[in-house]
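Shared chain: chain A. Partners: chain B in the first complex, chain C in the second.
Entry: the complex of A and B
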């Protein structure tokens, strides 16, 4: 198996970087933007349009926009009606996440470097990659803290950032044999953070709202729909007709129905399907179940595409090596299949992240719901502030989606997706 | 052979899971009638046992139900949720506010998700009949109106032949608009929007000649019209009212004790205003020489048989005040909406609010 990896990852002989040409800016402009008269016209025209657009947006953001509505309602937008005396739980959870994820990232980087040094992996990206990765989050944090204007919050966020950096440093110092456990540690951290927020007199998700609810639904949806989707995809390729039919039916029915319908049906039906006497799950839980069932069907089809891309020879080779069917699937087929579908899968998850806004239909107040709600408040009603609130939640959605997208690209480069 | 093993066990376990789900589902469907039936009757008892009231509300209607930046619910409908909790449980804060959407509100009521729906819902025959809902004492008489720019020539609906009208989609407002114009033999072009914010942008850009909605909402929009758009004086609300919109609490059909408890909570607020009992003077009023006032405030050893505590009216008035106080605070003179009392005044002042005698 090791030898196979080395084969695929060895740089092809004879491939060289194209020579770098150094062009002075004046010549670059002449060659690329003003080469002919019509190119010059187009350049000027679009530069003017772009300038106007930037001016209008910039003017709105820095001059005309009345950001007071966001400043006053920052807490509603982020955590909605999360009680004051439980906010420390959220901060603690943030520190736990910063620490464990920092540690995992540090350990992963060390393992990575060792593999690159041993020639078993390709180095990725340039020097500025980490900067580009964290830049949107840093910008978002800066915007939020500027809006909040609170020294305490700034110090707490700075502290969390420090914990993350320290965790990463500690991770690089960790002995190699513990390194692989840090991924598990990160998952444990996630679970612990969740437990800190809701456990022991904490705040149940049923009362959550705003960004907190959006993130909860997105993370829960991704974490559970992924394995479920993989199972469904394997079931659809089963040689047993009964299993195949059930999986195909499930996938095709769910894919043929809009998410909003699944949410609404989930809202109505789930309470009735439980044995009598059990308390009906909260609306948030029902929304989560609807999102999971819906996304699993799409994940299943994406994974099936990946399974089909694994050549027959791989199965045969695995059998020839005497691997059991479970091991064949787990060690040979799934890694290759999942690697091939990372872009589509992350696309689905980004879509899920944004689709959580549809839970408004069953009365939940997620991020977009709060953005609408605050424009109806006493002091802000009929002030035409919807642009401000929408622009603000767009920033939050964008940072979330863009971060996922970047992580996926990183993962693709690391695993060499798109190369053979 | 071993490959077959995986192909059998793994999918079989999925099949088992899915089948379990299916069976659970079909059982559930049978159970649906039973459970819905179980929701009938004695909500009052269940609310008192539970110790909290599940109140279905709207959290985004100015004046009626909004969330403040501090995370508190406030508004006219919100106050009536608190009033019911004060009457039934003796604690105005024992309310779990459950925001519900237009699409989901009656289902939420039927399934027992909420005990009472107080969410600017218009009382109509079809909703009363076909939705399995019972509409209670009206708390707010609204009506649909038309708002136009003050510098336009539109003074009456008749002037608006062939105009474009901005309206919220999927509401009775849209239907009323069509009916009103048809009845007057006028042409109009409706321009529908999903929410007031986008509608307002279109109206400001002059994409429509008039904006139709409930008059309470129009007045609210007008009174807080931005100064850079000319302030409230830039807009005119036509006098005509072309629909009746009685808004009030809604409960499930077939639960008289619960319906009566809420009805008399509403009536108590109206009666209190008529008697001049306010949240400030309620303690003194207990010793008033008027026997009717003392009876309402539970000082007369009077049992109505409604299942409410003797002092329920005191609890309600202390918590949210009388009808006039609730009105002024949320939608009236003391609020940005600045609505006149109009139809919502006491019958003694030419309005429609008339409380049956508490005796």
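Entry: the complex of A and C
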């Protein structure tokens, strides 16, 4: 059989962006704000309302707000009662993460540039895209450092940022064949960071609190529920009825009840299921178990979507090649399915990140718990400072989930275009 | 053969683990002298429920029913409000007016990226509880707003309702008949049917007629403000207000995105055809785009409704007496935790199943009939 060399053909041109039309400001205003009489009314109305809102918010943030409660308790909010002499572990972990993730981002950028050059992917974004991507995080870091008012912390954060940038540059210099290992490197970095914080006389998660606990619950929850979810999804699609029934039952029950009831299971009932005399695990561990039980069902449904998106031809081709069912799943189906569900998984991670606030109800001092705690301190109690505190906590959550959701949208567009 | 063996082994493993955990639960319950029966549901609850005339000596089952009722109340109100706001914001996100579009986007992006629990707590602790105390309440006669909630004018029974209800029932039947008549006429002549307007007119007439024919069986109940609180009128408690506003805002931001996506999914040709027919922007949306978008919207919308019902369990954080809160109190008062949490999960499973059934029915009715 003769084969055709495809790569000598001209690559298909990517769909081109329409040329940008230059619109004079007067016409832009007429077209976008005053096109009809009711649009003019709406514009005036909304401008007045927004102006008022911005004025009130601005006045609150810069004039009336009493941010002392945040300044004084910043450390509690971020790391709670993390011991002083172990803080270096957190800083080291931060540097490890900055380095490995920077390296991975750099390598990903190289791969991507090569794909664009080969015409397999469409370039996206404008000139200011990198700036827009990091803007919320940079603003948040600036706010935090300003509140902290500490030269040492500022220098350390600047150093971490420098390491991240250097890592990204180094990543672009890496040869292509190592590029795919950098994703693994990022995961190793995450594990190493965790190890540095808890290992060898480190600080056990059971005493964590504040933002640190929030992040621990979110990342730990998704990391452990991911393999469970994949197994559940495979079980749900299995041709063995017994396996299917068990998996479907589990998934549907968990998806039918609120997270708080599953947290109650972890909080109130885990202790009952252990043999009498076994010490009950710490509340943090029990909350984590609840979160994992809950998230696994949602991950399973996402992965099932990915499995369904793999064309039948792939299974048939694998069978024609004589691959066993296990090999078909492991080598052919799962890699394609998981690639397709990356954006949805990021979405699930975001919702988990927000949902960790529920562990406040079972008495943990994560971000929201600390916020509640500090408004009850003697010097701040009964002054209506809950407004400032909740606003600050929402800002942390908002920056986290907004920037992640932006990244997931980008990924979605990218993976959609890169599809063969 | 191998398949059968594998399934057997799998089942034995699953059942074994479940039985092991279950036996531990039994032994632990036994050791603590709690037992495994659900008899605790029949014992007296021993706690009162805010803003309800629940008698603490009634059994726990009755208390749970009050909780279920409160969950249903806040869920239905939340679903209705969130849908209305969500549709408006979703349409506004596609406005031709730049400012309106950006404002709607800001609304969605702000609310979608903050935990719903924080929105609820924010409204409860930072807004509603910071309202002026009852002595300095906003008092407009028909409305009293203070940190004890919102009291509005309501109806109060002053006589026998029998005649009124009879007239109202007859009016409802008549309204349905009028609506059918208008529809037939519309089919026959093509004149605007305005059946909703006609039916509403008949109903209003029936209410007025019944009110006077029945000897004015009810009157207005204006809130009266005292030193310690308000009497009469209809009270919306701070807890109810906070959870309703929180759930509505959060869910409406998600619904807005669904509405936007569904409208964008309606083929462009439909909009262009409507323009070619000379429909006004409103008529285009109302008669061409939204009906087609609705079909795409239903499944994700049902998902959001389910989420709203499940999120109403966050009432437990601000002491709104919905079912999670009631059962949490019961557990605090020596009700056995494993059975109580099981009951709680069953309640939510029933809610989820109910909503799934309803939306499946709606979906089947709206589904495109292929020719």
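Throughout what follows, the second predicted complex is superposed on the first by the 352 of 420 C-alpha atoms of A that agree within 3 Å, B and C clash if a C-alpha of one lies under 4 Å from a C-alpha of the other, contacts with A are read in each partner's own complex, and residues count from 1 in each chain.
Keep in mind that, in the parts below, contacts are C-beta pairs under 8 Å (C-beta built on N, C-alpha and C of every residue); 3 or more make two chains touch, one makes a residue touch a chain.
Small disclaimer: the values here were computed from a predicted structure and weren't measured.
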{"item": "Chain C versus chain B on the shared chain A, clash or fit after superposition", "value": "clash"}
{"item": "First (chain B), second (chain C), both or neither touched by A:191", "value": "neither"}
{"item": "Touched partner set for A:162, first chain B, second chain C, both or neither", "value": "neither"}
{"item": "First, second, both or neither for A:397, with chain B first and chain C second", "value": "second"}
{"item": "First, second, both or neither for A:72, with chain B first and chain C second", "value": "first"}
{"item": "Partner chain(s) touched by A:246 [first = chain B, second = chain C, both, neither]", "value": "both"}
{"item": "Chain B versus chain C as contact partner of A:264, first or second or both or neither", "value": "both"}
{"item": "Which superposed partner A:365 touches (first chain B, second chain C, both, neither)", "value": "first"}
{"item": "Touching partner for A:274 - first (chain B), second (chain C), both, neither", "value": "both"}
{"item": "Partner chain in contact with A:384 - chain B first, chain C second, else both or neither", "value": "both"}
{"item": "Chain B region in steric overlap with chain C, selected from 73-81, 109-117, 199-207 or 217-225", "value": "199-207"}
{"item": "Intersection of the chain A residues that touch chain B with those that touch chain C", "value": "239-240, 242-243, 246, 264, 268-269, 271-274, 276, 360-361, 384, 386"}
{"item": "In the complex, chain B residues that touch chain A", "value": "2-8, 10-12, 14-15, 18-19, 21, 24-25, 27-29, 31-32, 34-35, 59-62, 66-69, 71, 74, 98-101, 103-104, 107-108, 111, 113, 195-198, 200-201, 204, 220-222, 224-226, 229, 335-336"}
{"item": "Residues of chain A touching chain B in the complex", "value": "72-73, 75-76, 80-82, 231-232, 234-235, 238-240, 242-244, 246-247, 250, 264, 267-269, 271-274, 276, 280, 283, 319, 324-326, 328-329, 360-365, 372-379, 381-384, 386"}
{"item": "Of chain A, residues touching chain C in the complex", "value": "32-33, 35, 39, 42-43, 46-47, 50, 239-243, 246, 253, 255-261, 264-265, 268-269, 271-276, 350, 354-355, 357-358, 360-361, 368, 384, 386-387, 390-391, 393-394, 397-398, 401-402, 405"}
{"item": "Residue ranges of chain C touching chain A (in the complex, touch as defined)", "value": "3, 6-8, 10-11, 14, 21, 24-25, 27-29, 31, 95-100, 103, 109-110, 112-118, 121-122, 125-126, 130, 310-311, 313-314, 316-317, 324, 328, 331, 337-338, 341, 344-345, 348-349, 352-353"}
